[in-house]
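Which chain is which? They are A, B, C and D, in the order written, and residues in each are numbered from 1.
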Amino acid sequence: MERLILTLTCEDRPGVVATVASGILQCGGNIVEANQFEERVNHVFFMRVVFDVDPNKFDRRLFLERTKASEALRNPRIKLKREDEKVRVLILVSKIDHCLADLIYKSRIGELDMNIVAVVSNHPEDKLNVSLNLRSDYAIPFYHLPITRETKAQQESELREIISSTGAELLVLARYMQILSNDFADEHATNCINIHHSFLPSFVGAKPYHQAYDRGVKMIGATAHYVTSELDEGPIIVQDVENVSHSDSPERLIRKGREIERRVLSRAVKLHLEDRVIIDGNRTVVFDR
Amino acid sequence: MERLILTLTCEDRPGVVATVASGILQCGGNIVEANQFEERVNHVFFMRVVFDVDPNKFDRRLFLERTKASEALRNPRIKLKREDEKVRVLILVSKIDHCLADLIYKSRIGELDMNIVAVVSNHPEDKLNVSLNLRSDYAIPFYHLPITRETKAQQESELREIISSTGAELLVLARYMQILSNDFADEHATNCINIHHSFLPSFVGAKPYHQAYDRGVKMIGATAHYVTSELDEGPIIVQDVENVSHSDSPERLIRKGREIERRVLSRAVKLHLEDRVIIDGNRTVVFDR
Amino acid sequence: MERLILTLTCEDRPGVVATVASGILQCGGNIVEANQFEERVNHVFFMRVVFDVDPNKFDRRLFLERTKASEALRNPRIKLKREDEKVRVLILVSKIDHCLADLIYKSRIGELDMNIVAVVSNHPEDKLNVSLNLRSDYAIPFYHLPITRETKAQQESELREIISSTGAELLVLARYMQILSNDFADEHATNCINIHHSFLPSFVGAKPYHQAYDRGVKMIGATAHYVTSELDEGPIIVQDVENVSHSDSPERLIRKGREIERRVLSRAVKLHLEDRVIIDGNRTVVFDR
Amino acid sequence: MERLILTLTCEDRPGVVATVASGILQCGGNIVEANQFEERVNHVFFMRVVFDVDPNKFDRRLFLERTKASEALRNPRIKLKREDEKVRVLILVSKIDHCLADLIYKSRIGELDMNIVAVVSNHPEDKLNVSLNLRSDYAIPFYHLPITRETKAQQESELREIISSTGAELLVLARYMQILSNDFADEHATNCINIHHSFLPSFVGAKPYHQAYDRGVKMIGATAHYVTSELDEGPIIVQDVENVSHSDSPERLIRKGREIERRVLSRAVKLHLEDRVIIDGNRTVVFDR
């Protein structure tokens, strides 16, 4: 048997569930997990279905054609993939590498089921803070793409080439401290995840932990979101926080924040890898159970 | 239009979702919310569907008959109710009344959509700690059913009569410090919710906050669960915790615990009222989003 | 024996702890709890000491004089009070009364050790959502002070008179949906606590839960803070959050928020009543263990 | 200037704080951080003081002698160390290495200020799940000490020799799945930290995540504690939890648990390294802010 993941967005009208479920049944499929959500304001329907099929009998093309042609489904966006297909991931990083180290570790033990096809940094490999020896220890290609205000366009073309040559399907900004151009952000509006080191929309911009200290907040957080051309905006996937107190200096906030950041980012990546996140304008639908 | 809630448990076999969804569509219904869960070990299927029907056209009996007769559904247990039907609730309490006060308040502002048909205590009303004046201020009937080891059977018969005469559909033990007889517990295995003032299975039995203090735990919690004849066992519905420290005396743990208890209990009651909890042996399936 | 609470702020220089501790010892006092914090940026020292004295022997005036005269203490601000002195509290509210109901309940069971000397609302008593019957059930004076843009100054004078006649020492804005004048806010910069229904600094201003829904955040929160003339600014005392998801409508966010708001506000009030909060510019030092 | 950390436990009597604070002042020291706790049941006093001294003028021996000789301090236990002294740490592990990897990473970026003097496993290095290449990549000595029921005594002697030869001051059981002998546990009652993969005292013994699944709990946790000869007992240092649901299989609980375990263990190690934990019988006093 082969396990497939279907995600579907369409107008919310009677009969969607019946159509999809009957379509799967007709093709000999067996639903093993399903989530759906009806957004009431704009009447949009979101669905994620995991189902098993006999790969010798299941006709993927026919199934998709029939589903799309169904009367019940208006303006559907459909994605269908094998559960065991590994997503090809490119990670961007600056100097701070706790998120990178965590993603690599979780990839190696199988918790994050992905292929890291490249790590790109605007700093040379030996400037990352633990010097992971990516090439020798992990056989992960490392690219140093330095960037200045003047060379941003050029650097992004080089990045595009690496994305293209590696076949990267997901970009993860794992504390990459550079602002992407609007064009680049727009090109990757659905497959580029950033970790912002604050509980957005609080403390947008630089040095959020110093801002948090100055404001005297009693909790700090981190936010993983899809990147848009608006800095620190974009659909939020995961957020989490921890308690802090008056005795936490900005330096201690940074340290506590590291723990939250890597947790939040790796959760968001996992949800994306399992096709559990569907973008809904500037919001996300997250089917996490 | 009329909104209905269907909950369904059956063997997990292909076609269940298609059958239910098509059945609803056939009756002119429109699904507005749906959750399902496939328990993989024993292959049990759980479903909750909220759908709108035209009450003049929808034939409830026909719908249920057809659904039950469907080939895809093996050994189904089905419940169908109108979303706006108010559940009749009887609350049992001893002296400590923070949970009771919270349930009454939330019922009054419409957050808990229920009818409190009676409050029963083994103490007289003026021994409850804030003297809520249930009868005069809230027009809620209050019954004082004192209990001793010798009179337990007698007291439970009186309780059964009150349940019967008030038509109570749900019993809530809101810090009721008496152990129910096995018979009584068995009779109410699916409609009697207790709040236990610990993070079960830690600290079963009496004085859990003192036990927690003695063990030196760094978090305390509370557990809302369905009652079974085994004391402090029974399927768990909601749990929550808070941080504590060495400086929290048993008295402070009790105070902090009150906050957790009422929060946990009212969440569990709300989930039950909305038919979001399905019992699965000694576990629960909770469809909370 | 009599238990006293001393709070002290001064310049951070060697010898402060020794001076205070020796001073207490000299007066026959026994320290039972002590917290201190040295703010490293501006070198400010904060201290809270609880100590027991024999009331027949302890000379309060002499103790304070000696302490203030000590060389080690530069620019000290000192407060000394009996632990069992009940603070006189005035609560302001608009229509939504879950925070008010919670404060009253906790006051009645002794969890919040205070005297509620008055409740003031810009709406008549029967417009509060559960009609608490404050006067008859709780013997708490209720004042209806309606307000319009034109009558704000007049209304605030009436409020000042009530504060004066009741001897209120602490004002609690328990979902009071009116903006205080700058003058009034400045007068009460250290004794007026507000609950803001968002995780500040996110979503300042009106309708924070709708803002939170629109931004698609995955957690919502509440913030208790001292009031300043800047709206939704002021030193933060307590914050807390809960997880939410795409399926939470603004209405559900409001409901979940109520639980957080009353918890956060009553914690902040308790900390203030126990002299555990010291204002440090736009931040607070909170000695909560 | 040199920064020192003093921890002190003694009988709780008047004058302790004054004595310690005056003693530090007399030696020209300046207190920069101080915490104290008076345990009310057994009248025990706990204190942690951080203070700066001029190393050319401070006479450590004289200071300790005077402090111990003071009348106010009955049965004192005192520890004094330089803040910048790196603790020598030996880590024990079986096959599962997420906690080990986290401790090594945090040690390398300076978050955990310690020297890892050895890693000991009952399995060979290439059986650890990510093959960290401890020797080549990190220059950390690795010892494979296989163990069977018959060879436990022998294995523990070898372990003692490694402890002795490396000068290890702290043992960290980072998912070491072997039970220590009573003698060994007793020898290391104050310097051996274990991570237990449950919210103790729930689910002691083997396979706690499977136990948690069977019991149907709605939260899982982890516990870091000092080791005693009683299995899964011992003073608790840190606990934390996360929400789970009916849809979390034992395998998913294990995965979620990994995140909690490494967080809880590294927090406990950090608290120990900074002398913020004082054992109080079967409880701990943790000065974490």
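Assorted remarks:
We adopt the following convention: a residue touches a chain if its C-beta (ideal position, glycine included) is under 8 Å from a C-beta of that chain, and two chains touch if they have at least 3 such contacts.
Keep in mind the model is a prediction, meaning the values are calculated, not measured.
Here A-D and C-D were compared by C-beta pairs in contact; the pair with more is C-D. With centres set at the average Cα position, the gap from chain B to chain D is 41 Å. Distance between chain centres (mean CA atoms), chain C to chain D: 37 Å. Across the assembly, chain D contributes residues 40, 245, 247, 289 that each touch 2 or more other chains. If you sketch which chains touch which, every chain touches every other chain without exception.
Considering their complex, residues 98, 101, 105, 108-109, 111, 129-130, 133, 137, 245, 247-248, 255, 258-259, 263, 289 of chain B touch chain C. Residues of chain B touching chain A in their complex: 14-18, 21-22, 24-25, 29-36, 38, 40, 243, 289. Contact residues on chain D toward chain B in their complex (touch as defined above): 37, 39-40, 199-203, 214-219, 221, 235-241, 245-247, 249, 280, 282-286, 288.
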